[in-house]
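Shared between the two complexes below is chain A, which pairs with chain B and chain C, respectively.
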Partner chain A sequence: MHNELKLFPREIKGQMSERTQKLLKIYYQTLSSVDNEFPYWYSRKYFELDNEVAAVRRAQALKEAFSHLTAVIFPGELIVMQKTMHYRGSFAMPWLSEGYFMSKEDEFYQASLKRGSTSADQHSKMGSGGGNVTKSFGKVVSIAGKFGIREEEMPALLELARMWYGKSVDDLGNKYEKMVPGYDCKEKIMRSLVCMFDSGYTLPQGREVINYYYPLQYGFDGLIKIASDKMSEVAGFANGDGMVGMNRLYNYQAIKLVLEGVQAWILNYAKEAKRLEHIENDLDQKQEYQEIYENLQWIAYHPPRSFKEALQLCWTLHIAVLNEDAISGLSLGRLGQVLYPYYENDLRNGKIIEEQVIELLELQRLKFTCVDCFASMGVVGGVLSGNTFNNLSIGGTDKDGRDASNTLEMLMLEAGIRCPTPQPTLSLLYDDKLDDEFLLKAVQSVKTGTGYPAFMNNRVAMEFLLEQYRNENMNIEEARAWSIGGCLETSPCSWMPLKINSDPKTYYIPGGSGQPTSVGVHFVSLPKVLELVLFDGVDQRTSESVLEKHNRKLNSYDELLATFKDYFSKIVELLVRCNNIQHDIWRKNNMAIFNSLLKPDCLSKGHLINELGYRYNATFNIETTGTINLINSLASLKKNIYDEKRMTLDELKWAIKNNCGYKTAESINSYSLMDQVKIADTEGVTRRELEHFEEIHSLLMKAPKYGNSEEYVDSILKDWEDWFTGMCRNYQSLYGHPLYACQISVSTHGAMGAVTSATPDGRLAGTTFADGSLSAYPGTDKNGPFALMNSATCFDHSRSQNTQLNFKLHPMAIAGNSGSKKLLELIRGYMRRGGFHLQFNVVDTNMLKDAQKHPENYRDLLVRVAGFTQYWVEIGKNIQDEVIARTEYGEM
Partner chain B sequence: MSMSEDLALIFDVQGYSVHDGPGLRTTIFFSGCPLSCLWCSNPEGMLFKKRIMYNALHCKLCLKCNERCILLEKNCKDCQLLSCVEACPHQALRVCGKHYSINDLMRIFRRDRPFWGAEGGVTFSGGEPLLQEKFLHQILTECNKTHIHTAIETSAYMENCDDFLDIMEHVDFAFIDVKAMNEEKHRKLTSVSNKIILRNIRDLARCQKEKIRSEKLVLRYPVIPGMNDDDQNVEALIDFMQETELKVINILPFHSMGSSKYDLLNLNYEFKDLLFPSIEERAGQMANIAEKFAAKKIQCFIGSETLF
Partner chain C sequence: MKNKTQYHYRDTLNYAPVDVVKGIDLITKSLVKADDLAPPEYELLPKCKFCKHFSSGANSNYKGSCLGFAKPFLAYPDMIAKTCSSYIKNEHE
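Take a look at the complex of A and B:
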């Protein structure tokens, strides 16, 4: 009998062009590289301009940095330019935060450790494979756990960091947040990882949709002229606004400066292309350099004339924004709908054929995959898993509510199938109106195993937007323009009237018009809050008293829940106040200028992001992690302690303190519940005690679990969601708008699980939480996918910016054409029930286990983690374990 | 709505079944089967009673199950008290088989219905659904009333042909297994004669021709190496299908995915030590058999390559 382990491959595989293959090979061999060019020129100029108006000072510094970036073009590229001279480059922005990349002995690092800004780093795991530089080697120094920098550049980087000490957003924000009453407690909250990350200086922008419209419509010269004209118009007029009306003059000046900086940067690349053209002997390559030169030379001044030029310009704009600030999740929005007019024109005029378009889109994928963001290890490893979430949306409805998908989007799917890379990931804005052919193409893409596209519910998102942006006059037409920002953040967008070349038609293209989302209060660990409730405010890992004692006996379930809500509200209030201050410091000295000028309506209003120049500003939120472990824990407490009195609360606490008789997850280096190991009775515990632990743990495991369509648990979830999504609205952002709930885990369920004791649902200490906000805890959804989806839709998803549900499917379960159609039916069913988001990992679990053992064989293996796709080898062990443990729906 | 409080013994309810009929389906597995096929992949459903599955991997030998045992291991196999399962702290013991009322099942169907898609519905499988005839009849009627698409996976082993046809009248789609054409062989492989089965298929096919119900009837032929994969059997099956004018067959390559369940049930899996041809050889064999059917204008699907 043949019992050998058979690994089921994924059904669909594509073939990328030879050109893309060559460039992808370079990527596989490239490490995340950091250099000092940008921060050097930026800092130098910034400190020269003491006492200049803040916006102008920052603009001058940005212009200086952009115009000094070394241009490097790699042979074979058709779309050129990258963030820095390195293929996979990024750089530090010490003006945001400087402590985290200093050596551990350094006083700055020690200071940030004390206030908890680096606690997340200590408990985050960085994938050790792929392009991550997790250890120094030769003349390469590893910094922030992932990036490599040349040894000789290290002293300059440290000097730059010192220049910003006490002046960065992190340091300055900290100076003022200390004035919030109870600040001590906030430090403890961060140190104990009840909350992971401050918001104002880590990734202050992002999780938003870029807007390519103005440069596409007017070109750089056109925009510079608009800014100049506006300066003449507003100089010296307050225009009825005694607070910031006068600022418009300086803002337009800042806009002009940054435009000139980016223009100079593009021209440097044009020059480099010309230089290469001169020295190149290969005639084809020579011709390509010449074309690159001509394209860049044109788009540096004018609106693009062709699809290729437009694609190049959009890419350039994208990385210009990314170089301006530390940003993750700058989404492309519905690029297929933005570029469609160019594509259609070129196709009609015989200037391009489909195959060329697909190749360009493949090359664009590669460019996005190279995008790194330099941030702390906690941020990059603990949240992002090394991904930077440049998300491309497809589908949705147009301005008039019709199916907005188009043939260019079909080609984008095709490029994603042929060239499977983590970025840009695809998000399909699902609506019942969408064409079946388009949807089935998307399902085909899912079957490659890349996990994209994810499916997001157009109707649910629009309901959310109309409610959240009601005060800023969002209407149904604008709501239809939305896209996903970041991994799955519903983001407000607008329709912009584009005209191209001699085409008489006006195309309404969608683009971002809102502030960053996933800002405000970052990931609050719900199971950790429950730990504090059970132990009267004391963190069980550090024995530190994080919150003031509640001094309640917790004699009833209602009292327990009320105490939880009290604690949670206290934490949220403190974090809202501190983070509002951090963001306020950011907006004073570090405001976006380039990103601002792209977004409606900064250019017409003369106000940047910091003066509410954007059309939609109510984007701040409260994020949670570990919802399902909280819900399962509450169900278990209710059943075992209060309803059936199977054990006392003291017994339970005793078991939790002793991890129910199990060893720590860290000591056995596995973060999956399946693999945990019991302590032997020779290790200081009596046999009798072990039996008692066993009995308790068994009861905890047997308590009802979410995902089985059981009213007992589902009603707890619904109550929680109703309360949580409502309470968020009681708090205001620095911009004076109510907050909302954001329910995605990204990768925080790993790090936050690592510091949390055993929970009353039977999860053991240190193990990873359930992912997302609605995925079942691995192995506990025993009634199949229908029951899980039913549980997941027991509450109103539109009261929240998002929810997240991950599915792991065995390739056999959706084999063939009929399998595709059936998967589409499943997606449809969930969307019709009001589910917001659904995504799939199509992979054989045995293959993942094999990949953990032999990472060298799996450099190109992609998996879906949370709202993003990533190389298996670049993901931390705790998240790998969680993906393996997820319940796999196989052939049934 | 009048619903009987009768209960059915069911050993599994599965959502997201993709190979048991059109669309997405919820499949109900009834306990108990009049046949006992040597290769049965659902051995926990063979008997019409609750079964205990014991997973040695989870067992820590704490013997809590023994402490709570009332029978003290006498007639353990027939015990339906199952106090040991409740006592086990490690989830090493699990019961297969639970009683469901019509209401219970309808609640599940209503829950799953949004996810079936336009063509999906419910499939009754087992064990042998016909064994719990009265309940099956009631639940089918209820499904018909509420416009739920029904399918059945059955051996068609039912003494009374009229009763069989009566049930099938309520079924929208049927898979019927033909395990062997030769009666003796059938008896050897499944412990029962195939006379009743073939008679029922004949009669049902006749009804189908006369367009009563069950306009969709697909035969299934599990191909077991060395047991029923001989040319003689294939030819006899082809003859039978020509005689009954049945046009579609689904041949199922043998798999041993149920083998671990035999261990859990403490049963002996006859196929354990048999040496089978490799996956590639089997694929070749399946293609050969499919060709033979195709030559006689019978549509033949292999494995999960069904007509949906």
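Take a look at the complex of A and C:
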């Protein structure tokens, strides 16, 4: 008998339409592609307009860029338009940052290396499969480790980038952040990857919810008229505001220009559809081109009349915002509730049937899956794993607090089951009021193994929002409109009164009304800060002195913790000040105009995002990574060093410096703890030393671990959470509002783990941290899922924008109807205990191991990482190893 | 009789670029390589390199200038010009 592994498939599998299948097949063969059209026309216009008012200058440049994009329609599509001419296209925005895609020899690249902007790139891993262009070939040049550009376009791109040297948000921001006292230290923080990213020029917007309302209600012509009327009304009036009251005129002019640009873009597509109709011989395809032409020609001017037109318009608006700025995590919000009135009307009037709706939703999924965001390798690989987080929320409660789920959302779940793709991922806003049928449909979707929907707690989110936006007058009704922005960022939204066609009813639809979140301080690595505490400010990887020596002996646990908090606070303060400057430069020269006009209350106030035109502006936050490795490390230090004195601090530091007698993770190209390899006594260490390392490591591993419902370690977590979520509010964003805590890892736990020495919890150097903020470290949660849930809910989740707990379940653990019900009870139990977020990877670990060996057999395998779903072949090895290592629950 | 010029797929109007190396032939609906030759009847796609206002650079194959608007600016031969209001096809193309 041969001992081949038995691989358990996922229980549920859907069947997408033939049309979707054909288009998805093209996607599987598509490379991430970059071209110059947008930056070319943007830059050309921008540099022509010296001395124009900043908002108008930017708007003119945007209009020029949008109206020059080449329209390409692929046969078989029903929902058309994409970011660029390519199926999976994106483009550089050198006005944000130009250094990182220069050649490594280039002086700009060297300059950004020095200031730490590219450090994350060097330690981030991009999956080498799928559509990533990780190496140049033939006539294709690989840039930023992921994107391919034709060699014919590369010299022009470099020339365009040079035009922005010293003028980009990155460069200008850097010029001024250098004036912050202690800036040198900030450079060291970035170089050592204590913090993974600057905020103001990488992905300055996103992790927010779009608002589709105004174009749905008024159409482009209606909005252009509103802007024109407002210009006449406000011209020359300060309206009691001596600072920015006069700017309203220029802002309305800017709004009008950008609307005209996006309108021209849509009309170029309409023209292309007409052209294709003329050259097409197949009658069905000809008819489809004709319909595409009619829909586009209509929505370029007027409010949509049907579900299909509304869906097309929402998609167009979405990519228009994505083209305006470098954005990840522009969420759709509760699109099923936004589009429900159109769906209901069409269904009632016999214009559409459910199967057609599902096919359109499948095609929309495919469109979102094709969305790429051009950014540096560190951002795209190290944080995003190639995903762009266009999250679709379902469920929640309506304006009056009732169950808000509807039949269109059921169809969205069905489309997600039939067409399993990374985007849009789904987030279910869980409330006890939600119907069981709806929840069980969601559980069925989880069982496909796509990892969506994730479950977020409606009540906890509302409590967070009411506290955070109290000063901006948020009330309970408005709090109910919330959605997830990005992968897991609770975002403020508002109810908008929609009227459609001749329907006398007013529908209150939810839409985003807040600024970007996950801006402010990006990803501070808590285990790395602990490393600095233990080694008096010195980074063990580079031997660079990152922070000033604390000169404390760390004689007690309290002294250790106090030193940690001091170091952490210093880092945060420096980063807040520098990032505020970067965002301030962004708002002066690179402000959102299209995104702004969509959000209440810019259009009525005449102020864009940069002048606090949005209804909610207190959205800046402080992000952390590696919470659980920090907590486990603190528990181990407390136990082994201070309470039981099993070893001295010096002994521990000696072991850490020597990676507890193990080889480096990089040298064996494996990033999970279980695969690490010991050094042999022939490799420069004595047998005695090796035994000592083993002894120490064993004590570190045996120390209490989070996730087992143990008071010793859970109380450390609670203390940390109470302190951290409180300290964030001591800092202010550039908009004058207090910051708050954001606790998600996305993929940073891979890159940041790669540069961090061994930690006192037994984790070895270079290995990936525990994912999320509340997932147990792989293999250390020994008491089952309910114990893990107990540990995770030992503190108040509503003090933070989010928390993140990921479960890995073997498909057998939730098989059949009874398995589905068990899973639903688990979700309910967690939510009722006040847990904020829960997501599931339903997969057989053996299958993942096989996929790592034979990626060619698994092009369509999806896994849940941390807040997002991604193709296995498109994620980096350090994250793959971590997903494999996660504790797999075989039974519940 | 002069043969009709045969262009690369990526220089024709019947090509929808899927990515930087391949695309769809809009007539046959098949996946084709960007640099393969298209059938002779396929029409030329407007690009800067085919435009009267394009002046190629002395030192680079892939860079030049556009003289089609009030202010001259960088141009590159391969840029698609379907949406350029100043595009005028060079007679010898």
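Please note the rule applied: the second predicted complex is superposed on the first by the 886 of 892 C-alpha atoms of A that agree within 3 Å, B and C clash if a C-alpha of one lies under 4 Å from a C-alpha of the other, contacts with A are read in each partner's own complex, and residues count from 1 in each chain.
Keep this in mind: contacts are C-beta pairs under 8 Å (C-beta built on N, C-alpha and C of every residue); 3 or more make two chains touch, one makes a residue touch a chain.
Treat the numbers as computed from the prediction; the structure is a model and nothing was measured.
The partner of chain A that touches more of its residues, comparing chain B with chain C, is C. In the superposed model, A:Glu153 makes contact with chain C only, not with chain B. In the superposition on chain A, A:Ile814 contacts chain B only, with no contact to chain C.
When both complexes are overlaid on chain A, the residue A:Asp241 reaches neither chain B nor chain C.
After overlaying the two complexes on the shared chain, residue contacts for A:Arg44 are found with chain C alone; chain B is out of touch. Contacts of A:Asn783 after superposition on the shared chain: chain B is touched, whereas chain C is not. Here chain A touches chain C in the complex through residues 26, 29-37, 40, 44, 47-48, 67-75, 85-89, 131, 133, 138-140, 148-156, 159-160, 268, 276, 279, 281, going by the rule given at the top. Listing the residues of chain B that touch chain A in their complex gives 13-20, 23-24, 26-27, 60, 62, 88-91, 111-112, 114-118, 120, 256, 271-276, 278-279, 304-306, 308. Residue ranges of chain A in contact with chain B, taken from their complex: 1-2, 6, 691, 694-695, 697-698, 701-702, 709, 783-787, 789-790, 812-816, 818-819, 822, 824-826, 828-830, 832-833, 889, 891-892. On the chain C side of its complex with chain A, the touching residues are 14, 16-22, 24, 26-27, 29, 31, 35, 60-63, 71, 73-80, 82-84.
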